[in-house]
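Provided herewith is a single structure, encoded as structure tokens, for subsequent inquiry.
To keep things simple, chains are lettered A, B, C and D as they appear, and every chain counts its residues starting from 1.
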Amino acid sequence: MSKIRIGIINATGYIGADLVRLIHQHPDAELKWVTGRSSAGQSLGSVFPSLETTEQTIMSEPDDNIDLVFSAMPHKSSTEIVPALLECGIRVIDVSADFRLKDASAYPKWYNFSHPAPELLQEAVYGLPELHREEIINASLVANPGCYSTCAILALAPAIKEGLIELDIIVDSKSGISGAGRTLSITTHYAEANENVCAYSLSGHRHLPEIKQELEMLGHLSPISIIFVPHLIPMTRGILSSCYAKTKINLSQKEIEQLYREFYRETPFVRITTREPHTKHVWGSNFCLIYPHIDTRTGKLIVISCIDNLVKGGAGQAVQNMNLMFGLTETSGLASLPIYP
Amino acid sequence: MSKIRIGIINATGYIGADLVRLIHQHPDAELKWVTGRSSAGQSLGSVFPSLETTEQTIMSEPDDNIDLVFSAMPHKSSTEIVPALLECGIRVIDVSADFRLKDASAYPKWYNFSHPAPELLQEAVYGLPELHREEIINASLVANPGCYSTCAILALAPAIKEGLIELDIIVDSKSGISGAGRTLSITTHYAEANENVCAYSLSGHRHLPEIKQELEMLGHLSPISIIFVPHLIPMTRGILSSCYAKTKINLSQKEIEQLYREFYRETPFVRITTREPHTKHVWGSNFCLIYPHIDTRTGKLIVISCIDNLVKGGAGQAVQNMNLMFGLTETSGLASLPIYP
Amino acid sequence: MSKIRIGIINATGYIGADLVRLIHQHPDAELKWVTGRSSAGQSLGSVFPSLETTEQTIMSEPDDNIDLVFSAMPHKSSTEIVPALLECGIRVIDVSADFRLKDASAYPKWYNFSHPAPELLQEAVYGLPELHREEIINASLVANPGCYSTCAILALAPAIKEGLIELDIIVDSKSGISGAGRTLSITTHYAEANENVCAYSLSGHRHLPEIKQELEMLGHLSPISIIFVPHLIPMTRGILSSCYAKTKINLSQKEIEQLYREFYRETPFVRITTREPHTKHVWGSNFCLIYPHIDTRTGKLIVISCIDNLVKGGAGQAVQNMNLMFGLTETSGLASLPIYP
Amino acid sequence: MSKIRIGIINATGYIGADLVRLIHQHPDAELKWVTGRSSAGQSLGSVFPSLETTEQTIMSEPDDNIDLVFSAMPHKSSTEIVPALLECGIRVIDVSADFRLKDASAYPKWYNFSHPAPELLQEAVYGLPELHREEIINASLVANPGCYSTCAILALAPAIKEGLIELDIIVDSKSGISGAGRTLSITTHYAEANENVCAYSLSGHRHLPEIKQELEMLGHLSPISIIFVPHLIPMTRGILSSCYAKTKINLSQKEIEQLYREFYRETPFVRITTREPHTKHVWGSNFCLIYPHIDTRTGKLIVISCIDNLVKGGAGQAVQNMNLMFGLTETSGLASLPIYP
């Protein structure tokens, strides 16, 4: 069988670079070209020395003769590129937020632009394989989820689907700094970010509407009241989410773990743990660890989940989606164990 | 006026060492001796080169001729030492948990020992100056609060005192690793703690009962349901707490800030901010920054607070208590600005 | 072809754990068992959650029916185990220092024990494939080099082999903290190691004699005067070595790069760079980057080299040696790109 | 006695901000105004929340009625401002490099500009109090040394002054990232700098000519061959320098320590240690620790020195210079102990 021919648009951000790494190592895919905005013409290795052995040159424009494009453009820019690719019959996995929300009216509010292709929002599949495997298999356009969203939705999905909790939820997330991308800012300047922790976006982070959308779908469309507060902590990779909600029925610790384990029985990357997981336990891998904990004292469910924000929260999940779209084993090219310590 | 004569018991942990630093620089106090367990006979500078210029030798036993002892013993050990000191007429600030809880029956449950001097629990004053200034002034025995407790109680005190929130509260805290002390453990081994975040003590952290005790006192003894989940993050100093509760009355953002500002009007170390604070903004100082935020979308109050866990969460607060006990300016010896970056 | 059957003795240190990771992912090797001292009987995943999917149980004793043992015992302990393995016809790659030095009299001096099997010192091959490929292919016992040694020897080998420099050399190395292993110590306690750099072992680090031994072999046995000063820096993985020596002949920058490139022409993991390399460019991979720089102002050669101390400086190099010993492609199981950022 | 009236030009970089911190706490100085380029009109606390309690507003232009200006402008910009200040009779401590080099012809080569006021280069005093105390006392213009320069010169001064070593020297320095300033760059982007070490400026760092100038003055103008290689390591503050040179005479370890101790007998901030110092031992303080080590095996002197790059390597040294210029105790306002851990 011939390899899937891949193009990556805008490979010079962190998710783009991690896509190159994963595709380069993938047994069933072949990287045909990468594009980059400011660095067109340079070798990819001159921007990312870790990728030098891929021997890719950064192109200014996409080329054709490919089966799949990963688009790693900033928000809004993807809407300008993706429709043309689809028209050429090229399947697309878009890692921006441009096709994640079903409700076009959310874009002006959360992303400050009016969506130019609202019809594609219905066609696009939200690329969380644990929830949408069948749709992804047949999709032309997959909207790869946000990093925070992946971590939070997976943590809460079983509890909401099974009606275990009241729909009044707190999600407190802690992310490594790479989640803020490669664009320079004072927030991500080393001397400011090191030895520091802060909450941000208290008035509403952009991943909130997609978390809400997906959880409400699971919850039979009952409206969910959810607070999502992200924090930046001084590490490069990893997200840990701590989720809190009141339980509606009495469950023992064993029962909740069993229920979660059952929910994710057929998913290769989600593992239910019996004690608090660490982000380091998934570093560099596509795993998501989830620890559901019943707090009998207060009648609450606490769920701790963690991922590598650039792998399961980005490039790895995109490759997982690719595997499903092209009939490969879901774990193909993603079997690397976490690197520890 | 002669200087307050100080002894420090067990100066070889992190809070003990920071007490030495602060007392050494204090204009109105004089460090007469320090003790240490395993390192008696050595110079303090050989254990902590940063303290070499203090020219202290670590003693094996406390000496007398002092006005105040800071006891930095591990839990349970303080109960064996403090009563004798008090009988000699020496005032004591104890940084362990041994005198923080009013209810003696809590000790077997949370600290695995039966309290040998329960009568002292009533006499001891919980050393949070922002709440107990008058009692501290006259106290013989001050129980210095836990680091997490300081950060959480200060964040929630105004809201609870004024009856603004429902008494069903989530406190999600993130702490630097120095909070785990100087005793070696795999959790605090560099290669395990770096580039990692984890939640711990989900089944109940020891600071929970003191947080509950103090908040219930403020809340006119109504029982409070509270979840407190601590997290370790890869930095040395700092705690940031994110607190969540449903509001009982409608308040604008301005009103909540005004109300918090009013509550802490006469406290020199608490500052109410108008945006999310960073732990780095208080690094090395005795400040506590608090940002109360009204989330109109969900009807919740979110409060973000932060401190340096070894200063306001430990040694600095102990010195603040000393200042009050001995009639000094509350900020004496504590005026250093945070070190940034 | 059937897979190489592997046993790992003492898999519960960092190099042992990284060996498990690499062997688990290796297409031509199969992990039959692992042993560990204190944690025998536990699952490997309970010690290292990142390795949970390997489904290994830690054994108390080695088993037979294997082709190769990786011994990751502490120094001296390997000498007690390896001879018996060799007698059973099992090939051994030992990651301790017990078989690295040819001169038995060096052991009492550098490692405080008298070597019980000096005859094996001549039989053992120093497992640096870039220098000893042919001998490794046929070896029964390979002594896997020290992490610092690998980085320093590869940096200097071309210059010494070609007689370019005077044999009076400074090697100043900077290592991440994982190099100090998993055993607890105050030096590797997070709060002490974070935001800190220090030199150590100025009176002589144990990797010095092997660096000297290998460089003197390359230098036709002329004695080499070498200072090696290791430093600990606050990161988990990586070693960077800065090497300084006076040049004996005039070389342009282009010529020195060309000469280094030529020397390593047939080695798949050494890459000569044209600007200063970063440890992050090799993180998690088996690469060694080397930048030779001619300082015309002072007539010196400066060589900067870097590796991942646990991969090319430990487990990866051991796997590379295994590949050679068993006739596999040298890069088999080691093709993963560095993880960046 | 009235306080010294201070103005700070460009207080919005890291050294400027640390000057504000130190002057604010100084018992004999009063901060009259600060200027900043882009943030004029804002409160200093809005740029640096750690400085909020200073209640300073950032001015667009310097004001008069002051005794001393600290100029923290970027290189070249100081030459445009300082002459006018001196003409108004205002004494100046300039933290840029604009007045550090005696040889005007070095500026085009090292700083890419032709010096517009070469006569001031002779008048300016190189502000390293340990070497130039008397001249600083009477100076109108003090050129505050570079951070690397301070650390390297103090390490080598006794050895060179006393003729102990051959004048062929290697200085290998490791710096925290704050040394690169507050201006954004990919090098100082958190995700790139964390978990990374690299050498840089191999072809010549700007602090080299001032190190050479000062050491040659000490060495009776014999030319010195010196290699200086700086490295960036993942921490915020601190520089550690490892210096290597061949000894000319036989000295025991005790003798070298004694000689160094004697050399710095009357300097309050330099401490000679008897084991390898850590940057953390000086964090936040104005101390410089120096450990001279005789390597009898190779006949070399190794000197390890360390400072806080923003304090003794910047703002603290500037305040030390101010103290000398205005007849204050040299340690005034600088007595804070290092913060540990």
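The working rule: contacts are C-beta pairs under 8 Å (C-beta built on N, C-alpha and C of every residue); 3 or more make two chains touch, one makes a residue touch a chain.
Predicted, not measured: the structure shown is a model, and the values here were computed from it.
**Q** Measuring between Cα centroids, what's the chain most distant from chain A?
**A** D
**Q** When B-C is set beside B-D, which has more C-beta pairs in contact?
**A** B-D
**Q** Distance from the CA centroid of chain B to that of chain D, rounded to the nearest Å?
**A** 36
**Q** What whole-number Å value describes the gap between the mean CA coordinates of chain C and chain D?
**A** Centres of chain C and chain D (C-alpha means) sit 39 Å apart.
**Q** With chain centres defined as C-alpha means, what is the inter-centre distance between chain B and chain C in Å?
**A** Using C-alpha averages as centres, the distance is 46 Å.
**Q** Residues of chain B that touch two or more other chains: which are they?
**A** Residues 14, 176, 178, 191, 194-195, 234-237, 277-278, 280, 283, 341.
**Q** Which residues of chain A touch chain C once you look at their complex with the stated criterion?
**A** 14, 17-18, 21, 24-25, 48-54, 178, 194-195, 236-237, 271, 273, 277-278, 280-285, 289, 335-341
**Q** In the complex formed with chain C, which residues of chain D make contact?
**A** On the chain D side, the touching residues are 168, 170, 172, 174, 176, 191-192, 194-200, 202-204, 225-227, 229, 231, 233-238, 240, 242, 244, 276-280, 283, 293, 295, 297-298, 300, 302, 304, 306, 341.
**Q** Can you check the complex and tell me which residues of chain D touch chain A?
**A** 14, 176-178, 182, 184-186, 188-191, 193-195, 234-236
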